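Chain IDs A, B and C follow the sequence of writing; residue 1 opens each chain.
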C-alpha cells in the first residue's frame, strides 16, 4: 500500500531532490516534544488492548468522520457518561470501521493508519469490509506479543525522548515509576495548568483546593496560589519537564497590576467571576506563566482557538474529546500585546505559538515570530497536521519567519502506533517543500540538507530545551 | 481554442492520470441540483433571443468586469429601472464586448464562454474586435434553429435533472406547464422563501399578504405564517422539489421559545422591527426551516455572506444582480450553533452550506461538516466557481471533511449555454486534484476512479435526494 | 549563486514557457511608481556609505530577522533615540550579519541580496562567516567608484521613472535640485499627507501649523485646512507628482456633511479628539482626498492595516521602522463604502488598494476592484512582496479582477541596490504564473506575451499616469 515516493512532488526532478533529502533524515531519531501518550503505558509496559480499543475508540479524528456520516459514538465503543450501553466487542467495532474506511480517502488519518498497518503490522492488502477480519486478527495477534509492548515499540520507533501532557495537579506517579524502573527510555512530563487557571473548566474550584493540599500553599490567596504554581513547576521540572502547555479559548493576555490581579483572583476564587472576568483571569495567567518561565526556563506552549464541546448534547452523553471541538477565528496581534509588552524582548523566554486559524500564519504569526525573540511558531496543529496543512504552513510562514523561528514537528497524539507515521509524513512534506525551493533555485542543495536535519531533529531539541 | 488537456496539471505523469480519470466521467449525465435557469424556457421552448441578450446582458460576471473598466451598464443593454434609454442593438453590444474580451484573460468566464463558443457554436477563431461580427452572425443563426431551442439543448447537454430556484410565492405555473407538456426533461423547483422570511427584502409585507392569499392561512399570526410555509413546501414538493434555498446576509441562526418567536413575528409583521430584530427573525426562520426539513425531507441550502447591492446608485439605476454584490467575512461556528444544538445530530436533516469566505473552509466549514451528520459542504460558490477556487476548496476541505461530506457540483447559473462548460471545468479540476493524490501515492487509482464518479454524478443525486 | 531559471516552475514544459515569456520582458525599463528612496541621493549624487550602512542598518526586513534570534538593534548599528552607543563599525556589523545569513534561507531578502551581490558586486561565493570580509571589501571598493553613485546606478538599472514618497509638508528641495541639475533621470515626488491628516501622528498639531505657514492658508479652520491641501497637491503636481499615498491603521472612510466635518476638524485641531473622533477624521480625510483626486487627477494609494510600533519599548529606544510593525485583520467592504458611495463610479478617480491581510484578496479586494471603476489592486505589499506572496496574489485575485484591474509592480523600497532584484523577482513570478496558465491551456501563448509586458511595464505607467 505504501509507495516509497509517497507525498513527494510528481515532477521527476523535484522528486529526486526530495528523495535525496529524505534519505538523509528518514532514520533520524524521533524527538516528540508535545503529545498525549499515557505515561502509564511506559510505566506498566502492559500489552495494548484489542485493535479497536487501541486504534478506533480513542481516536477523535476517526470518530468524527464516522459520526458525520450518521454512525453513533456508542456503536464505536465510545463510553457514555451515564454508563449506558455501548458496543464493547472489538471485532464488531472494527468491522464497522473497515466498512466505512473509504470515507477517509484524502485525509491524513488514512495515511497514518495505512502506514501503521503496513509498517507495524505487515498488512499489505487495503482495509475494507472483506479484509476487516484478517486485519483484526493480525493486529490482535501482534499486540499480544512482547515486541508490541509500549517499551519495545518506543525503542523500535527510535524515540529519543517523548513528552507527555500532565495536569498541574497530577502527582506524576507513573513518571516516578518509569524513572524508578531503570528503563532507559526518556519520557518527560509537561506542565499543563488549564484546570487551575481556567475558571470555566469543570471542577476548577476543587482543583484549587487540591492544589493547596498538594503544595501546602494557601490557594485561597493570590500570593499563595502563585506560590503553588512555583512549587508544581519546580516539581515537574525536577521530574524532567522542560515545557508548559496552555489550551485557552483565545490567545488573550493581560498585564494587571499586582493589586488588580489579586482582587481578580479573589472574585474568581469565590466563584463569582462573570464571563469577562474569567477571560481576564486566563489572560492574566498567561502573563504570569510567562513571568515564571523567564525565571525557571520552562518553554511555554499556547494552543488557543478551539471551541471545545461545540455540541452540548454530545458532551452530555459522551464527554469531551470525541471530535466536537471546532476552530474559531483567532487574533494574536492585539491579544498577545500585554504579554509581549512585558516579556516579548526577553531572551530567556521562549513561547511556542499554535493556531487553528491558518489565516493568521502570514498575517500575524510569522510577522510576530519574525521579530520578537520570545516567540516561535509551533508546527501545524490538529486539523492542519496533514500534508496540505504542513505545506501551507511552510509556504505561508517561511518567507517572513524563516525556518529558524519554527520548532520542528509535534506529533501531538495519543495514538501511539501512529507516531512513526506522523513523523514520516512531516519529514516527507518538509523535504517536498525544500525540494521545490532547490528545484526553483531558491535554496542550494547543501543548505537544504542542513535545514532538513534541523526540521526533523535539531529544532525540536533546541526549541524545547530537550 | 480548446485543448483537450485544458486544466490538467502540466506534469506529464499527473496529466496522464487526470486524463484517464476524466475519460471515465466526462460523458456522465449532468445533474444540476441548484441554479437559476428560467422554467419558462423549458415550458415555452421558444428560441433564445439574440446573442447579446442571451450571453451578455444578463450575465453579472460579464457586466461587472466591463463596468470595472469604465463601460456603462446602459451601453451593455442592462435595463434601467426608470425605463431610461439603454443600448438595444444586440450587435452593438456584442462588438463592445468583443473589443474588451481581453479583460477576461485568466477568468472562469473566459473558459465558459470559449467552451460554449467552440463546442456549441463551432467557433474556433478567438473572439476579438475583428471576429465580433462573425461570432454574432454564427451564434444568431444557430439560435434560430430548432436544435438550439431550450429543450433540444437540454437533451444535447445530457441533463438528467435540473433544479430551478423559485420564490415561495411563485405559483410554479411554468413548472405545471412543463409537466403537462409530456416532455420528458426533468425540471424541478426549489423552495426559496427569502422574500417571506427576510424583513429587509423590498415588498416583504406585501409578500406576506400574498402568501396568505395563496395558502388561505392567516399570515398575520405566527402560527398561520408557519402553516403557510408548510403549505407552500408541500406544494413545491408535490411539484418535484427536493430542496429549499436560503440567501441570507449572514449564517446567523436562533432558537427562540415559541412565545418569543411569536412575539418577534408580531413586531416584524407590524413593520416595526429594528435591524437587530430583523436579523433575529431571519436567524429564527433558518431554524424553523430546519425543523420543517426534518419532517418533510426537503434538503436545506444556506448561501450566506453576500452584501447585496453594495453600490446604492447602481441599484437605484439598474436594480439588483448587475455585479455589485460583494462578499463579506462570515462566521459559521457561533452563528449555526443555535440550529445545530437543536437539529445538528438529526440524521433526517441535510443542510448544505455555501460560503463566500474561503478562510472558513479549513477553519470552520470542514470541521463542522466533518462531524455533524446534518451538515454537508456545497461546492465553491460564485466568485470561487473557478479553477483556482475549486482546487483551493479540495485542498482546504478534503483533509478534514473528506469527499463524502461534499455534494458534487452546482452550476448555479442562469447562463444556460454555459452549463456543459461549467460542469466540464468542475470535472476537470476534480480529476486534476485526484490525479495529484494518485501521483503522490496518497490515493490508489481504483479509488480515484470511484471518487471521480461520485464527485461528478453520484454525490449530487444523493445529497439532493434527486 | 544565481541560476538563470530561478523562480520558474520545475516542470520542464512549463519552465520553457516561463523562460520564453521572461526573455521578452526581462530587459524592459523599470517603472517604479511607489517607493522610499531618498531624493537627496539623486540630488547630491554622493557615494553611498559603507556596505553595512547601505544594506543592513536601514533594512527593517534584515533587522527584524536578526532581532528575532536575539541580536540587539544596537549591535546592528541602528541609532538610539537617546543618542546612546550603538555599533558604528561597518565591518563589525557586516560580520555579525554574515554569520547569521543562514537565517534568511527561504526568505525574499535572501533572493534580493544574493541578486545584488552577484549582479551588482560580482560576488559569486555564498555569503557566510568565512566570506564576510571579502564581501565587505568588494562592496566597499565598488561603492567608492563613480559607477556606483546614485545617478550611475539609476541609469545602469534602466529606471525610466521612480517616485519617492514625501511628506505633505516637505519643501521638495531635493526634487528642485534634481530638476535644476539638468540630469535626465526622472524622479517624481508623491504626496503623503499622513502627518497632517492623522491626529495620532506625533507632532500632528505642529504639522498643521507648519502647513499653514507654508501655504499661507488658515489651517485653524476646516476651509483653510482644505485649501492648504489643494495648495500642496498643486505644488507636488507641478513638481511631477502623479499620485498621493495614505498609510492608515484601517481602510475606514466616512462621508460627513460639510458642517459635521468642520465641527470634527475643530475638535481635532483643538487637540481634544478621542480615539473614535481621530479615526473618524482620518476616515473623512480619505474621502476628501478622493474628492480632490477627482479634480486634480492625482492617483490615490491606500496602504492600510499595519499596527505600527507594536513594541513600545523598541519604539522608545530606536524609533519607528525597525521591524516592529505587524499586520492586522482588515475590512474593506464596509470600510470603503462611504467613499465608494460618493465616488466609486467616477471614472476620473483611480484608487490603488493595498493589503496586509491576504484573506481579503479573493473575498473583498478582487470583487470590489472587479466592479468599481475607481478601484485598482496594488501588488502584494511588504511581507507579501515575495515569490509565494506574489503567486498567491495572482491565484487569488485574477479569476475575479482579471489582470487589467491590477497595476503592475511596486518595489516599495529604500534599499536602492535591490531595486533591479525586486523587479526581477516580480517579473519571474508573473511569468511563472502565466506559464502555468498557458501550460494548462487557460491562456494562449500570444496573449501571455501581451500580459507579461503589461504586468512588467505597461500597467504601472498607465495606472500611475506616468
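As a convention for this text, a contact is a pair of C-beta atoms (placed from the backbone, for glycine too) under 8 Å apart; a residue touches a chain by one contact, two chains touch by 3 or more.
Not measured: the values here are computed from a predicted model.
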Interface numbering overlap (same over half, different under half) for subunit A and subunit C: different
For subunit A placed onto subunit B, the superposition rotation in degrees, Cα atoms, nearest 5: 120
Gap in Å, rounded to a whole number, between the CA centres of subunit C and subunit A: 40
Sites on subunit C at which at least two other chains make contact: 9, 11, 359
Subunit C contact footprint on subunit B (complex, rising order): 1-3, 5-12, 64-65, 67-70, 102-108, 110-111, 126, 307, 310-314, 323-324, 326-329, 356-359, 383-384, 386-389
For the subunit B and subunit A complex, residues of the former touching the latter: 9, 11, 13-14, 331, 333-334, 337, 340-341, 344-345, 347, 359, 362-364, 366-373, 375, 395-396, 398-405, 436-437, 439-444, 447, 450-451
